[in-house]
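Have a look at these structures, which come just after this line.
Next come two complexes, and both contain chain A; in the first it sits with chain B, in the second with chain C.
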Partner chain A sequence: MNAKNEITGWQLFFIIVQTQIGIAILAMPTDISKVAKHDAWISMLLAGLLIQLVLLTYFFLLMKYPENTYFDMIEKCLGKFIGRTIAVLYLAYFMYVMVISLNGFEQVITSWIFEETPKWVVLLLYIIPAVYLARESVVILARFKMLISFLIPVLVFSLFWVYLSNPQYLYLFPIGGTGTDSIIKGVQPAIFALIGFEAFLFFGSYVKRDKAKNLKIASFGTLFVTVFYIFVIVTTQIFFYVDEMIIVPYPVLYIMKALEFTVVQRIDLIFLTIWMMIACSSFTSYLFLGANTLGRVFNQEKHTKMVYLIIIIVYGISFFPETETEVAEWTDLLMKISILFSIAIPFVILLISLFKKKNRKEQSA
Partner chain B sequence: MKIKSLLLVICSSLLLTGCWDERLLKDAYLVYTMGMDKEGDEVAINIYVPPFDQFHTEGSSIYQVGRTIRDARYIANSKSAENIDYSKLQLIMMGEDLAKEDIYFYLDALYRNPHNNLSARLAVVEGKAGDLLHKPLATQKNTTEYFTGLIRSAEFVSLMPKMSLQYACTLLFDPGQDLYLPYLAFDEQTNRGEVSGIALFNDKKFTGTVLSQEQATLFNLINNKLGNVVRLTRKYKEKEEPETGNYMTIETTMGKAKIKIENNATLATTIKIQIKAVVTEYAPLVPDEKAMREVEEWWTKEIKKDAEELVGIMQEAKSDGFGIGRKVAAFHPQHWDEKTWKDKYAELPVIVEVDFKLIGTGLID
Partner chain C sequence: MDKDKRINQDKKIIEMVSIPELFKEVSFFLGNTQDFIKRDISVDEGEAFCMYIETLVDRERLEELLEWFQRSMWEVGEVATTSDFQIIKADSSINDIGLRIVKGEAVLWILNDNGWTGFSLICPLNRFRAIEEPKNEQVVRGSHAGFNESVLTNINQIRSKMRSKNLVVRYLTIGKETNSTCVLIYLDNIANQMVVEEYIMRVQAIDSDMAFSIGYIEEFIEDNSWSPFPQFLNTERPDRVAANLAEGRIALMMEGSPTALIGPVNFFAFYQSPDDYNGRFLVGTFYRLLRILSFVIAVFLPALYIAVIGFHFEILPDDLALPARRAVEGVPYRPIVEALLLELTIELIREAGIRLPNPIGQTIGIVGGLVIGDAVVNAGLISNLMIIVVALTAISSFVVPSVEMNTTVRILRFPFMLLASGFGFYGIAIGLMLLTIHLVKLESLRSPYLTPLAPFHISSLKDMFIRMPSWLQNKRPPGASPIDKKRQGDSRWWKNEREK
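Right after this comes the complex of A and B.
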């Protein structure tokens, strides 16, 4: 490995942030509010804490095998054949995430700005910059993510308008009034909104120096996203009444649409432009990971060609779900399998690795 | 090489022209004002377009009846040479008959379309919206500009707070607070339209009760939604000559109100009004401290009396424009029941407390 393939803790921090904040941010407040009503932010808080625990699993794994990538670890624990199989499953998972991401993007764009533009054009315009970026090394990817991270404060500031205009703080009360059941049920869509935290596990192996310290820095990435999401949820909830929010699929955009300034009338369109870059950056992460995984399966050193291969397949598959309901069904499926891939499998690997260590000690003793 | 890439850039910029979603201004018939009325079982719309150049003083209009708002719009489109575009809509006027039904059914199309302007204003019209729109007006402005301006000046003098299409939707959905809209009428004497008060809603229907201009100011004060200027004029004395001398006008520099609800089954409600005011017109003068105190006391009583009357009217109309229900739901959820709330509200014991301070008398005593 050369020095070029190495990232710092802060770079990892931004990779995680930019992978997590993707399509989900627009629909997330509605999805959680459907279940947890006005206590959606509590669900998000719980989900955030849960994810922080999951990160602990990742942290142990990465510290236990500081020299290896995640797939190396799996092979070490489960043998070459099973390791390969799991890698292929992960590849399928990444591609599925990409398909969902593409469809989510297309839905926002067609329902919000370009009603007449055909799907293949919208998707192509989304894919081109992603491919361009995913071909490069991880360092370039990380730098790009750091570069566009200044857009997040822009989003935050534009949402502050709600607090200045007509905030209805009473919509948040009574706190906890929805009941424990609903709040806990709301954790599932909240975790789904936070998907992307697994970037820690995959990109964590690129951190080479001062591993413990740098990984600690990066683990604040998800915390940052959780806080940001709670802010977004609270902001949308003091703007909309809960029953109204449920019928508004993209509440953040709706708020921007209702904004009125003297010169600019449709802030939502400007907001969308900024959001597109962030969403695309999340997509790029998965494309990069997918290409690397495929390269591993085929024993290829360079992942550049793999990027093209994957994107062609993903582009093709993304035309299968046609109606809004179909996209929703596909997304629901992702909700379930993402928990398997991002929480269950890493946890099992950690358990096995602990068990193996004991075995070796016994053998040597 | 450089020239080649330059050529490529220039050529590819040709691809940037919009193809599918272009909407040319020259083909658009930009509607600024829309009136909606009930016509038997169907809906009638009146759409108004401002004059398109300085040589025309009056814009054009189309009247169309249809089964739904959208239906009427489609038919209207077949009668216009351009494509009717509602994205710059500024005012939606609803006839009295139409407003007395569930108005969400008529507004739905406006929320559904991504091109619509959500900061457009809403108003209820005495009689039919179409009649008012076709009245010859004694104004230099054209019809579309005039009525929007009317609403804006009502906002300036605290007759009506800013009620955008978006905020109206929130109130329509919120069971704890009712909608209120400016009430437009035609004044035969001056041949002008006027905002004659506030139309009160119960849930999603216009109650038929309209607050007078004086009550409207007080209503906004209790709602903490005052505009730039707040003036109150009341008859202070009986026998002065000329008659104008009997009246005193004050301008409030600070006016706010707090609503407190006791936490028991009766939900006894106290409305505390705080006003700081300056005398801006009263010819017989206010000579000394003692007289000032008298004036204060008199205004305290006067405002208390008016506020009690106002609350009485609102309770009779079962219109909870102050959002008392929202406070009950937030702080005393055990006493909150969405279904029986309106009956409870009508019987609610309300006490008004007024704290009036005269802080100045202008340049002269």
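Right after this comes the complex of A and C.
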């Protein structure tokens, strides 16, 4: 029986993994390959290393204020009013991520299995389990994420088939041949695919015992996801030639579609079913964070009612981008603001907190 | 009337002046019931009489006790409280006396110059069936004893299985009218005191007027009554209870019920059978995996079939797709209607079979299963693939070695079928999410229901999907948060020794 609202390092690890692996996994290889060509995996590697550095920022912040949540830290550094404002901005950011996530999910479902089913039905079904889970405490959330992580090895194993059939390793060569410029440009969509690592900052405050050790364990979560993504990219690229990759929207699903078993013909449908659960789990993290942030803004202890409020708003907004191009525009915007919220703001806060501490020392001296 | 009764029950025995008055007051307290009887006896020390309810008391035993009482040792004060006699204080109220009588004790009062002296003679009339093997929990190897309706016999069976100084029995009374005796049994040095207290608190909190069986109590004390999953393990087997006590769990039993209610329990406990431990570990593991598979089949197979036929025909390999299409084409209904019709039929056959005498039950099985099954395909109402699916599902749902989980599994597949018929695999995925979240949320006596999986405990996986040899399971499973986590040391040190 663990105490309420306390999670272990491994639970945080899986929360991060399950927040990062979401909608992006299907489209990510194509998106990066469009820029970095056959060196997409190098972009992903660079992005992963970069994010490991960002996690270092988070780590310092969490260790500096071991008792506080992220929003507490902001308030301590910048005062109550600015802290509140930033919290509201974060709330807007979370909701925006949710809207994009819903739309991305809907696109996959309509293009792959249900062409005729109306958007509102698909999304309504999708949010029911998310609401059911996000109402609960962080402990339940963590347990669920840990349980559902058993599905990730299933995805990995089903992709191994590519290596047995007819892998074209030559597609990956020459390594680095696309040029430094393209590779570095590819880092941006790669970071976007890895979005969700900010979970470390928000859920990290729930880790209470052995903070340093447990946070170190959890920080390997993003590394795990990076390695997993590199595996996915390499697998898709030795299956499809780069020119093919760019026109195939969900390469992983196409690979699965080509795979055949004696009992099951279309593995992609099963893959998609598993992916739905993982995607929904990622969506739930943001719903939970959003509800907690809103609860903070309204000074509410319990976040249960906030979940309903947020999901109604998000569900409503998710119908605004109607066409595919509109969704793409909204997603591009997210790509830009996500860097602000997940990298820039925490970094500034860390700088201010360091500066403040020095100030206080000087004053006392 | 109400007021009279209240005055009556608070009266003290000391206030009475004569034997008839005392009898009248107690009789009034018991609603002047006609099987309440007074019997005068002669003792040297003064006037004496005995009162009891004749339908609750063993006459022969009572006569023996009275005779012994008169003859041998009538010296007040020397009679200590024994299992047959208890001294009653003279300042106890009519209420106390009445409750003793209702429990089946005979109350004896002596009135002399010193005032009232009271004894309670314990000679209950017990009529119980013999110890038999429980019909719904039979095992191939191992003990064939089961509980019966007497709590004392049941505790005796458990105690003779584990003669431990740490085995604690706590008596609790519940039911304002029925005054049923419940007993809580646990091992003091293993069971977590917080869990024990929680269990006792919940049982004592029951404000019901009656408690006629343990299943009735279960609803009052379980964590979530709206959940389809049982949160206490019901068993009629002493060996199963003993094994669970040794893992730090707590058993609740009740006078009149042959069932023990074991908690806190996790999902996988319902898939464990005593047989697993009596056989070889490979065999135990195989059957345990088979049972888990049966859960998956029983809940998901009809839903998967409906989803495949309705939405994802392309998932079938070509060789199978054609015969499947041919089988389904002639059927006028949608797969969900087919499935519901057939599932309903099976449930009907099962429900009809339960209460019928054995020979008729078999006939119903044959007529229902074979005749209806065959005819329904020939009539073109239902495809033969659906018959296979539903029959396999029905068999799978009966594999669970626990009756409550069995019913749960049978109910659970209906929402999945509906979801699959509406949204195919997507619906199943949503249902699966909801089911998993529910299981993760669910608690049994505040300990997580899905415990070795979520929260994850690698050491107790040894006794979950697989059953590792018993000498490898050195730690107690953490589900019941036992105080003493270590179960055993190395029992096979001689093996390494010899190799040296």
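The rule is short, and it goes like this: the second predicted complex is superposed on the first by the 363 of 365 C-alpha atoms of A that agree within 3 Å, B and C clash if a C-alpha of one lies under 4 Å from a C-alpha of the other, contacts with A are read in each partner's own complex, and residues count from 1 in each chain.
Here, a residue touches a chain if its C-beta (ideal position, glycine included) is under 8 Å from a C-beta of that chain, and two chains touch if they have at least 3 such contacts.
These figures come from a predicted structure and were not determined experimentally.
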Identify which of chain B and chain C touches the larger number of residues of chain A. C
In the overlay, answer first, second, both or neither for which of chain B and chain C A:260 touches. both
For A:177, decide between first (touching chain B), second (touching chain C), both and neither. first
Just chain B (first), just chain C (second), both, or neither: which does A:309 touch? neither
After the superposition on A, what does A:128 contact: first (chain B), second (chain C), both or neither? second
Determine, under the contact definition given at the top, whether A:113 touches first (chain B), second (chain C), both, or neither. both
Name the contact category of A:136: first (chain B only), second (chain C only), both, or neither. second
First (chain B), second (chain C), both or neither touched by A:144: second
I'd like to know which partner A:89 touches here: chain B for first, chain C for second, both or neither. neither
Which of chain B and chain C A:241 touches, first, second, both or neither: first
For chain A, what residues appear in both contact lists, the one with chain B and the one with chain C? 113-114, 117, 260, 265
Touching residues of chain A toward chain B in the complex: what are they? 111-118, 121, 166, 168, 170-171, 173-174, 177, 239-241, 243-244, 254, 257-260, 265
Contact footprint of chain A on chain B as seen in their complex: 19-21, 114, 117-119, 164-167, 169-174, 176, 323, 326-327, 329-331, 333
Residue positions on chain C within touch of chain A in the complex are 311-312, 314-318, 321, 423-430, 432-434, 436-438, 440-441, 446-448, 450, 453-456, 481
Show me the residue ranges of chain A that touch chain C in the complex, using the header's touch definition. 1-2, 10-11, 109, 113-114, 117, 122, 125-126, 128-129, 132-133, 136, 140, 143-144, 146-148, 260-266, 269-270, 272-274, 276-277, 280
